[in-house]
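Take this structure first; my questions come after.
Think of it as A, B, C and D in the order they're written, each chain with its own count starting at 1.
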Amino acid sequence: MVKIGIVGGTGYTGVELLRLLASHERAEVAAITSRAESGRRVDELFPNLRGHYDLAFSEPEVGELASCDVVFFATPHNVAMNMVPELLAAGTRVIDLSADYRLRDAALWSRWYGEPHASPECLADAVYGLPEVNREAIAGARLVACPGCYPTAVQLGLIPLLERQLVDPQQLIASAASGVSGAGRQAKIDNLVSEASDSFKAYGVTGHRHLPEIEQGLADVAGQQVSVTFVPHLLPMIRGIHATLFANLQGDPGELQALFESRYASEPFVDVLPAGVYPQTRTVRGANRCQISVAVPQGRGTVVVMSTIDNLVKGASGQAVQNMNIMLGLPETMGLQQVGLLP
Amino acid sequence: MVKIGIVGGTGYTGVELLRLLASHERAEVAAITSRAESGRRVDELFPNLRGHYDLAFSEPEVGELASCDVVFFATPHNVAMNMVPELLAAGTRVIDLSADYRLRDAALWSRWYGEPHASPECLADAVYGLPEVNREAIAGARLVACPGCYPTAVQLGLIPLLERQLVDPQQLIASAASGVSGAGRQAKIDNLVSEASDSFKAYGVTGHRHLPEIEQGLADVAGQQVSVTFVPHLLPMIRGIHATLFANLQGDPGELQALFESRYASEPFVDVLPAGVYPQTRTVRGANRCQISVAVPQGRGTVVVMSTIDNLVKGASGQAVQNMNIMLGLPETMGLQQVGLLP
Amino acid sequence: MVKIGIVGGTGYTGVELLRLLASHERAEVAAITSRAESGRRVDELFPNLRGHYDLAFSEPEVGELASCDVVFFATPHNVAMNMVPELLAAGTRVIDLSADYRLRDAALWSRWYGEPHASPECLADAVYGLPEVNREAIAGARLVACPGCYPTAVQLGLIPLLERQLVDPQQLIASAASGVSGAGRQAKIDNLVSEASDSFKAYGVTGHRHLPEIEQGLADVAGQQVSVTFVPHLLPMIRGIHATLFANLQGDPGELQALFESRYASEPFVDVLPAGVYPQTRTVRGANRCQISVAVPQGRGTVVVMSTIDNLVKGASGQAVQNMNIMLGLPETMGLQQVGLLP
Amino acid sequence: MVKIGIVGGTGYTGVELLRLLASHERAEVAAITSRAESGRRVDELFPNLRGHYDLAFSEPEVGELASCDVVFFATPHNVAMNMVPELLAAGTRVIDLSADYRLRDAALWSRWYGEPHASPECLADAVYGLPEVNREAIAGARLVACPGCYPTAVQLGLIPLLERQLVDPQQLIASAASGVSGAGRQAKIDNLVSEASDSFKAYGVTGHRHLPEIEQGLADVAGQQVSVTFVPHLLPMIRGIHATLFANLQGDPGELQALFESRYASEPFVDVLPAGVYPQTRTVRGANRCQISVAVPQGRGTVVVMSTIDNLVKGASGQAVQNMNIMLGLPETMGLQQVGLLP
């Protein structure tokens, strides 16, 4: 069995890790930490877990965590980067769901997060955990930085186009929308039912923290700098991300449907839909899956890609488990075969 | 024009008062207070009000408020009871939307609210603002205690039965459900979209603060003590209360449909639906209206009454304006003719 | 492997059977029928199933179905009762999710469904598939009638009280609410987003078809006739049933919490919550589980039981799989260990 | 009083016209037609209207409609174009909320709607009813074609940029989202709560019927052909449209915030929000208002405009009443001062 520790278990990515690991035949969650809820049973906070775990939250202690084979950080940014060096030194593998190790450039990180990076020396060891691009590096990694939810949906949608230089990398547009669970389990007026249900709005238009991560990842596959106009929106629902991506075609793109299908043919968690079928967030709800469509409306020069994920699964905890499977040499799909909950 | 002050304008009953008063031809809102938001424009917090008000929040000062003809308290409990004595002494009329003056018995109030009442001497002057029962007393009142949202829906549903002694007053059951706006505009995890949308639950089963208010009001019309089992539930939506009321019939009740219709025939804001039509919260959304149906399933001895209101209108701010109209001798329906927003 | 046929696979209980059976290690779905969609791939209609099934809908033919070990009917009423006799004659086990075999009395069935029963001779063979009451009979059954969604939630909530004669069986009240998926996948204006979301209403107050089923089941455990006032409501959400049950206590009930806990101690899919914790539909979303709480508000003589299920799982397809496991001597929990999808 | 007829009153734009006209001091609705519901009281279908109208649906007869001062068509396309010629001949003013007269080019109309236009001779008389562009022409019109909901939001957002030639008219992108009420009150599986709530998807990507209308209107203000990539999405809520618009700036645009503010300074129903504030659909819910923001993320060359309306008000019935006011020389805001219903 793989002995697992989870730091920061009271948020939505924490409970989602527990949901997924409950059906993972090799996983054994040994510790789940929370300063605020230390001592409280996990299933008291999350009654959907009753009967599945006999665990209580504990104080986060590096010593105990270091005895695990793998530690997940399901924390806000600025937690992992303070504890990871010690864990790595102890030989523990780390999968960080937060933003701490996603940007290779510590200065860039500081600009977007407003504080110095606490362990820039680890950045070189961190592998960006998008298996569809970095599978081999992940397999050998001791520290994986799980991609953000928006970056997962946006990158998977644009990669086939940028890898082949089919679109202008300077004019990329990502109009994306997320369910409210993306904002975490925090008491904020903006995310109350009375504020955020039955409404739709853009936010972070002038600069969302996922932008540099998206641009870094896309530049890697494009082999050059890219420029993305990224506008996130808040959906009146809990789970799901939908990215609508626009790019200007350069030259004759050929058969885009075939290109997308072949790019992801061997990917277990990327599903290119048949031509003319558009993805819905509900068909990936609860599933570790990205569903993608591509179209060129009116045959004009703009390609539109639609990409959906469950922000808590392929956009966070599911992708984290996928990374764990790869790191440990387990079958990549172990524990991740859930069918989306429809309706 | 009626000069109006509103204490506590940053909550949902505050913004709802502003919405309703914007179309009230005699109302002029002179002051709206908020300690936390003092100095900030009202339409910055509530952009639906842009163009309708040129007002900023101010500190709550009794002196300024006392210069108003009417002051509304759209506050949590324990605010009005500290300021009302001074306002009454200054000759200002007060309409309190909070719970401070709803219970006649200060000891009972203390038991349910966990603190002493700050101005028990005013309780005798307070008129319970349910116009369908107390219209005359309201007309002469200087202090009106607006009913709670659940108590409005429950009492209007049971009054016709209890006035005529048609049901056993010791076995009343109220299974009611409210939209999340009833919980106010406060940062609480429980009321996040991710927690309270897409779900349904009971709460406060062993004792909700609206219970003593319901029992006090129903005892008045029954002419004896009543006992209510009251179970409130949280609906995954913003506005609306639905009360499903059960009572045991005593003897032959006669034609209940006709009884309900005649009881409310002259009430402008209580609408008894035709036999066989059940109320929906959406048909009263945004309207100062209670829609009611009555049925006796299978002709057995249990009567079922269904009663719906918009908790922010007939359950709070609309009823408050209705009370103001009555107190000032204005037409009772002034500013309250909004059609429900359907769909 | 168990060879499975599903009749009527285009509805929500059909797709839910497929979701659950996809993770059932012994199940092999051989045929799924639909007259309207014959020839169309299942995953075209339900893209959440892509990669999980390589099946197309077929015409319902008894011959082919009879070659299965088990046939599920996920149909409206009045389909199963015409095909079941032939299937039983062929030795095929049948699990009917519709209402056709739930009532033992064909005349009563006709009164509620407005037509004669097509195979009353099979009623004596039908076992009512509520494992918490009928486990042994189910194990030996060839035809199981799966309980309705409301009846499951209501019966599980009242059984502990009625078995012990703790409450008056003539004064039972069930105020229940269901998500819209309970109305099925049919094009009806009433169930459009614009009609049924953001609203709440009662329906079927004068007589819902689940009433006789509830009363039949409760009479069995009470050992006498019972009378239930049953008011269903429509919730503005997709999945979930919440039943709020009221009954008059007779004599000293003793410790109800302990009674409920002990009654369901060995039941894998009934979860009595700790005292003071009330169930939410979201904590059983997607799970084959009933969560229950019991309370006696203010220590008066009325007991309140709250009971939640996912109407498509423990209220339909999950319970059907549970019945299949019992009939075939498989572990009862096989394929049914899904954790509820929270948030 | 203005005598008003409404053709097709059973849809959402019909009931919304009735809601708005109920508070219009000069409007008298004399007839409301529906073939399917002829003879049924309007408030039976829409109980929010109880007490506001004493009207029943009638068969649509041109003779009776011709006696009205103004006739609104709240119908699907292909109804108005068959009745309008006769009404115009009788001297009745017509306001068509459907698509029949929106495109000036009958051949283009036929291409998108798949049938010949029944009264192309009237197209020259039809004025496109976007008051912010065509106020004078509307004042003199006998036939007004009300803009579609998406076209209203998209055009109001792009007009200030295109009028000044600030952006490339060949590279316009409109990523827009609508509540489900935009799909009308029709029994379609796709719009059930169980299908369309709790999800988000794009639709009509390869060609939505609002595209030629958008391009026609924008070409008028740009003084040249324009090319728009238009991707509509379905929001899991009832009311509201949000358009997120992207365009490439040409040269130095100057101060866009000031440009937008000055363009709409005298428009009663277009509200440019302060810099940095983004619109939400909820702040225009129920109101005849378009709220707009403009931003240039990271100061790069792409301008982003966000534009919100209530699709049933400024996107349909409210705009129709606004057009009526202009046509009849009434104050443009009469009956349209509703404050948005927030929360």
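The rule is simple: a residue touches a chain if its C-beta (ideal position, glycine included) is under 8 Å from a C-beta of that chain, and two chains touch if they have at least 3 such contacts.
Small disclaimer: the values here were computed from a predicted structure and weren't measured.
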Graph distance between chain A and chain C, where chains that touch are linked: 1
Result of counting contacting C-beta pairs for A-B and B-D, higher pair: B-D
Longest centre-to-centre distance from chain C, chain (CA-based): D
Euclidean distance of C-alpha centroids - chain A vs chain D, Å: 39
Distance between chain centroids, defined by C-alpha means - chain A, chain B (Å): 45
Centre-to-centre distance between chain D and chain B (centres being mean Cα positions), rounded to whole Å: 36
Interface hub residues of chain B, defined as touching at least two other chains: 12, 181, 185, 194-195, 197-198, 236-238, 279-280, 282, 285, 343
Chain C residues touching chain B - in the complex, by the definition given at the top: 171, 173, 175, 177, 194-195, 197-203, 205-207, 211, 227, 229-231, 233, 235-238, 240, 242, 244, 246, 248, 276, 278-282, 285, 293, 295, 297-298, 300, 302, 304, 306, 308, 343
Of all residues in chain B, those that touch chain A in their complex: 12, 179-181, 183, 185-189, 191-198, 236-238
In the complex with chain B, residue positions of chain D that touch it: 12, 15, 18-19, 22-23, 44, 46-52, 181, 185, 198, 238-239, 271, 273-274, 277, 279-280, 282-287, 291, 312, 337-343
